[in-house]
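Each in structure tokens, the structures are laid out below.
The two complexes that follow have chain A in common; it is paired with chain B in the first and with chain C in the second.
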Partner chain A sequence: MAQATLPLSETAAKPPRRYAGLAVPILIFGVFAMVPVLAQFGTESFLLSLVGRVMIFAIAALALDLLVGYGALVSFGHAAFIGIGAYAVGILSKHGVEEAMISLPVALAASALFAWLTGIVCLRTRGVYFIMITLAFGQMAFFTASSLAPYGGDDGLTIASRNTLFGVPLLENDRFFYYLIFTCMLGTYLLCRAIVNSRFGRVFRGAMENETRMATLGFEVYRFRLAAYVIAGAIGGMSGFLLANATEFVSPAYMSWQRSGELLIMVILGGIGTLNGAIVGTAAFLLLEEWLSGLTEHWKMIFGPFLVLMVLFLRGGLSGLADRIFGSRSRD
Partner chain B sequence: MSTALLIVQTLNGLQLGVLLFLIAAGLTLVFGVMDFINLAHGVQYMLGAYLAVMFYALTGNFFFALVCALLAALAFGLMLEFLVFRHLYGRHHLDHVIATFGIILFLNQAVKFVWGPAPLTLPVPEMFTGSVVLMPGILYPVWRLVIIASGLAVALLLYILVSRTRIGMLVRAGATNAPMVSALGVDIRKLFMIVFGFGTMLAGFAGIMIAPILSVEPGMGDTILILAFVVIVIGGIGSIRGAFIAALLIGLVDTLGRSFAVDILRLFMAPSPARTVGPALASMLIYLLMALVLYFRPSGLFPAKGR
Partner chain C sequence: MTEPVLQLDGLQKNFGGLRVTDNVTLEILPGELHALIGPNGAGKTTLISQISGLLPSDGGRIFFAGRDVTRLPPDLRAHMGLARSFQITSVLPGFTALENVALAVQAHSGSSYRFFANASKERALNEPAMAALAEVGLAARADVRAAHLSHGEKRALELAIALAMQPKLLLLDEPMAGTGREETERLVAVLRRLKGRFPMLLVEHDMTAVFALADRISVLIYGRILASGSPAEVRADPQVVTAYLGEEME
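On to the complex of A and B.
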């Protein structure tokens, strides 16, 4: 049973909502767009960097949801792509290349290449074995980064300044940088939506539900999965590019397996196979972490049981909860 | 590179191997029989070590502490099963991951809360202190030999239990096809509870035995959990035999890799890059091994599922 494809959760099995589903993303993106306006009245730089961080991880979580929620490909090494994207920025910057128009394509290409090479091996396996083999490649990336002595090794690498855009230091402006991240998240969301609803996406989703049927229909399932895996990897690289610019620091810790686990938790917390859930889950996870850790040093003793109760009583994560509350309305 | 070092490191590798086996055995059975991913298995190992330290402080007798800690670890594991896990059987694997991850967060922080963040130590029991002379000039700590011997004894006991007794037969049947076993009239809940309790106790036992060598600290279960998962995936999920062979393999490869990677690399490379690449290569050796095994045998070396 363990080798079989993972069973579908209730949310993942539902057909995608077409028009009624627009309200939630408009609300989500509306809130994110409004943050800088509201932040003027509070501690602006803190809020912008906190919410910016949420959006950066939401980008990676969206890509992960594409794999987990629509392909049952539970990747436990997704942080590696973030790390590779971040290291692309760090290493180029160390050699004096600080132009985003160079480092972003390099970050995307490097993470896509890593996804393609590892995907060829990983996608031979199923279910739990897939989880573990993606973990293995994630760990290899982690240890490789730790051994990069010229680039800081274990200690990581400080980046002198944020990337320039067409030679202009636009990213140094916090508000500009915030909206850059926002645009990237919106673009990622629209791309993932488009993929899910395309012919490609239908084959990919079909393969999750019944691989044999898809193969019988004449689709080479493996190639569809590999393509999706490479896309998700490249998106992770973009997230890493933004993260390196936001923190002006890269370290092997970006690729640790704990980070990959947290990304999975974010996606599951929001509800897999919804895309909206990936963003909501990331925001819930990071903001709850921020809030609780401000309350008490032992915040994990609250956060842990919260996760357990969530699973016991809320099926389908936060999206499942929202569906149940607004259930009658959101179904057209 | 001397023979003495090779012998000592091989024994260290064996010791890590049997330790991994103690943890992986429970993990692979819970996974294989109950189809349940228990990430909290690592914190049960940590809890075993902490409980042993606590009972040792109370009684001052290692063996008394061992027995008490084992029973307490068992009771705690059964409580977790009753409160949380039992409601999750048959649910999506990702639900298992998030719930048991929550338990890891809670317990790692809880031990910090109760026993403080500083590492604790447990002394080696008096009758096993000191070292023995293996060969002229090679000393080896007695306690490590005790760990190896007790690990092998547990492996033998498990082998007899699983292959010779009725309950073992049910466990094997459960790992192959659990719904069928249930359909044939076996009380699968009771079987699950026995398997789970036994797995918990083995993990606790591993924690207690290693406590005198390692420092007992929060988060000590996390790294070993990942290694145990590597072991059960290489061995094939649900297979005790696979777990045993894979555990020894991983223990030896990891330990020997770490001690000799730089020396071996220096045969082909300049000393300075060898010193940089060696430790990184040694750390990723077991993951390379796992990727290779899964590439050629996507269900591990000894898959238990009869499909």
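On to the complex of A and C.
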């Protein structure tokens, strides 16, 4: 133990930054945790389902930020994973399987498998080609779902009731379901954060910065990207599992290219490569959409230009703006 | 009978109609510092890229550590102990100096498929990385992002990254490129310390440095090895003097 303080001690002795990054996530998760408490003073079920929906999409957006923000893999087919997860719940339910401990693993496995199979092809390409081919696979999933006549085809599939958990209909309780989604979002956040800082994450991020250098260091970056793509796909599947249970309905629209585009906008709006931004951006997007659509029927004419302006002028997204206001750097 | 670390056998490379590597045969012996010199555009960088696996060869063979690696991808060659530096600095700009080097350590120690533990807290990565940084005089700049390092510091970082790979052979493509007088001297001192510890193939235009450091020198002109031998032999070779050294020495 005598050599416990080697030259490292002088470089590691920089405590101030250590907890600085914790303020924003604590605030974010604190607010989401408090919603049910505050909601009881208003229209509880409406608020819980609205904010629950925000968290469900935030889960998918976190996975997308992992790809886009830390790997420069701009996937335009991310909604396909949500759709596959949702259809796993819907199809199983139609055949009488309503247990979450079955449908969740199936949702995760199916979306991971789809990510793996398509990733093998997509990840051979770069830049615009990657965007186009992920879009193409997303559309393929969309049309496949549309043609599933036994499961509603274009019209989608209504689910009789929410999944049971260990045979108990716990998800029917709105508060329980809300905190289940919350737990999934927290778990996803912690997982993504850990991945980014892990050995794996270093290689994945390094590949974004300088692929040639990574190859000459001894890393076959393709494999690392494929692993990250599968992880992101599985997380998308979890989001889909929750979405199907929240809406008690699945439809091909869940995997439309518009939905994939919205997910990208959510991530960019929040600020890519921050993870916090994925959650904040999703909340901003969905809550604004909800508010504006209640205000006027022409809300899309306001919402569209607003998003364009935000993306154009808000460098670093909402989390970048927060950094500038509070003078902190949530990422260095 | 010492087995060469690296053996190039009739290596070829064409860019369209341009023959950039023309039947190059070359051996690097254990422990030797072999300098590769030649005018701009002679094909030195191309040759380094063929050896490191970034460019496929059109003919000939490459043997490294007793194995035919001609068709091996660059990452597998790196795993065998082939480390290179780049003429045009090629580091990870968003990573700190320490992280850049720690990644090189990581490539050669344990699995990189670890998803949970924080890599920046791993002593097994940071300590060898700090040692490599200290070796090139960058220890005090460990926490600075590579993008914010000065040009000379980036050149030193290139070297530290290569060192941290525990190489069996160092391919150094103009490690002093673009540095000032003082920094050049510092880097030459570093190379002198490394000499003997690793076999090196050193591409360099600074003839003072080359003749001070090299055990053997090969001269590359238009993709061909014009001469190969001890510094004294090369300096005395009339062909080399007319083709290259004449202008360089003045």
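Everything below uses one rule, namely that the second predicted complex is superposed on the first by the 308 of 332 C-alpha atoms of A that agree within 3 Å, B and C clash if a C-alpha of one lies under 4 Å from a C-alpha of the other, contacts with A are read in each partner's own complex, and residues count from 1 in each chain.
Note that a contact is a pair of C-beta atoms (placed from the backbone, for glycine too) under 8 Å apart; a residue touches a chain by one contact, two chains touch by 3 or more.
Predicted, not measured: the structure shown is a model, and the values here were computed from it.
S.K.: Which term applies to chain B and chain C once both are placed on chain A by superposition, clash or fit?
M.R.: They fit side by side.
S.K.: Who contacts more of chain A, chain B or chain C?
M.R.: Greater contact footprint in residues on chain A: B.
S.K.: For A:Val128, decide between first (touching chain B), second (touching chain C), both and neither.
M.R.: A:Val128 contacts chain B only, not chain C.
S.K.: Under the stated touch criterion, which partner chain does A:Cys184 make contact with: chain B (first), chain C (second), both, or neither?
M.R.: neither
S.K.: Tell me the contact category for A:Met310 with respect to chain B and chain C: first, second, both or neither.
M.R.: first
S.K.: Report for A:Glu209: first if it touches chain B alone, second if chain C alone, otherwise both or neither.
M.R.: second
S.K.: With the two complexes superposed on chain A, say which partner A:Gly201 touches: chain B (first), chain C (second), both, or neither.
M.R.: In the superposition, A:Gly201 contacts chain C only.
S.K.: Quick check for you: in the superposed arrangement, does A:Ser146 touch first (chain B), second (chain C), both or neither?
M.R.: After superposition on chain A, A:Ser146 lies in contact with chain B alone.
S.K.: For A:Glu220, using the defined touch cut-off, is the partner it touches chain B, chain C, both, or neither? Pick first, second, both or neither.
M.R.: Second partner only.
S.K.: Could you tell me how near the closest CA atoms of chain B and chain C get once both structures are overlaid on the shared chain, in Å?
M.R.: For chain B and chain C in the superposition, the minimum C-alpha gap reads 12 Å.
S.K.: Need the overlap of the two footprints on chain A, from chain B and from chain C, as residue ranges.
M.R.: 6-8
S.K.: Write out the stretch or stretches of chain A touching chain B in their complex.
M.R.: That would be residues 1-3, 6-9, 68, 74, 121, 124-129, 132-133, 135-137, 139-140, 143-144, 146-147, 149, 257-258, 261, 264-265, 268-269, 272, 298-301, 303-308, 310-312, 315 of chain A.
S.K.: List the residues on chain B that touch chain A in their complex, please.
M.R.: Touch residues, chain B against chain A: 31-32, 35, 37, 84, 87-88, 91-95, 97-99, 101-110, 112-113, 178, 222, 226, 229-230, 233, 237-238, 276-277, 279-281, 283-284, 287-288, 290-291, 294-295, 298-300, 303, 305, 307.
S.K.: Within the complex, which stretch of chain A touches chain C?
M.R.: For chain A paired with chain C, touching residues are 6-8, 11, 14, 194-195, 197-203, 205-206, 209-210, 212-213, 215-220, 224, 227.
S.K.: Looking at the complex, which residues from chain C come into contact with chain A?
M.R.: Per the stated touch rule, the residues are 52-54, 73-76, 78-79, 83-84, 86, 90-95, 98-99, 102-104, 106-108, 110-120, 122-123, 126-127, 130, 134, 139, 142-143, 161, 165.
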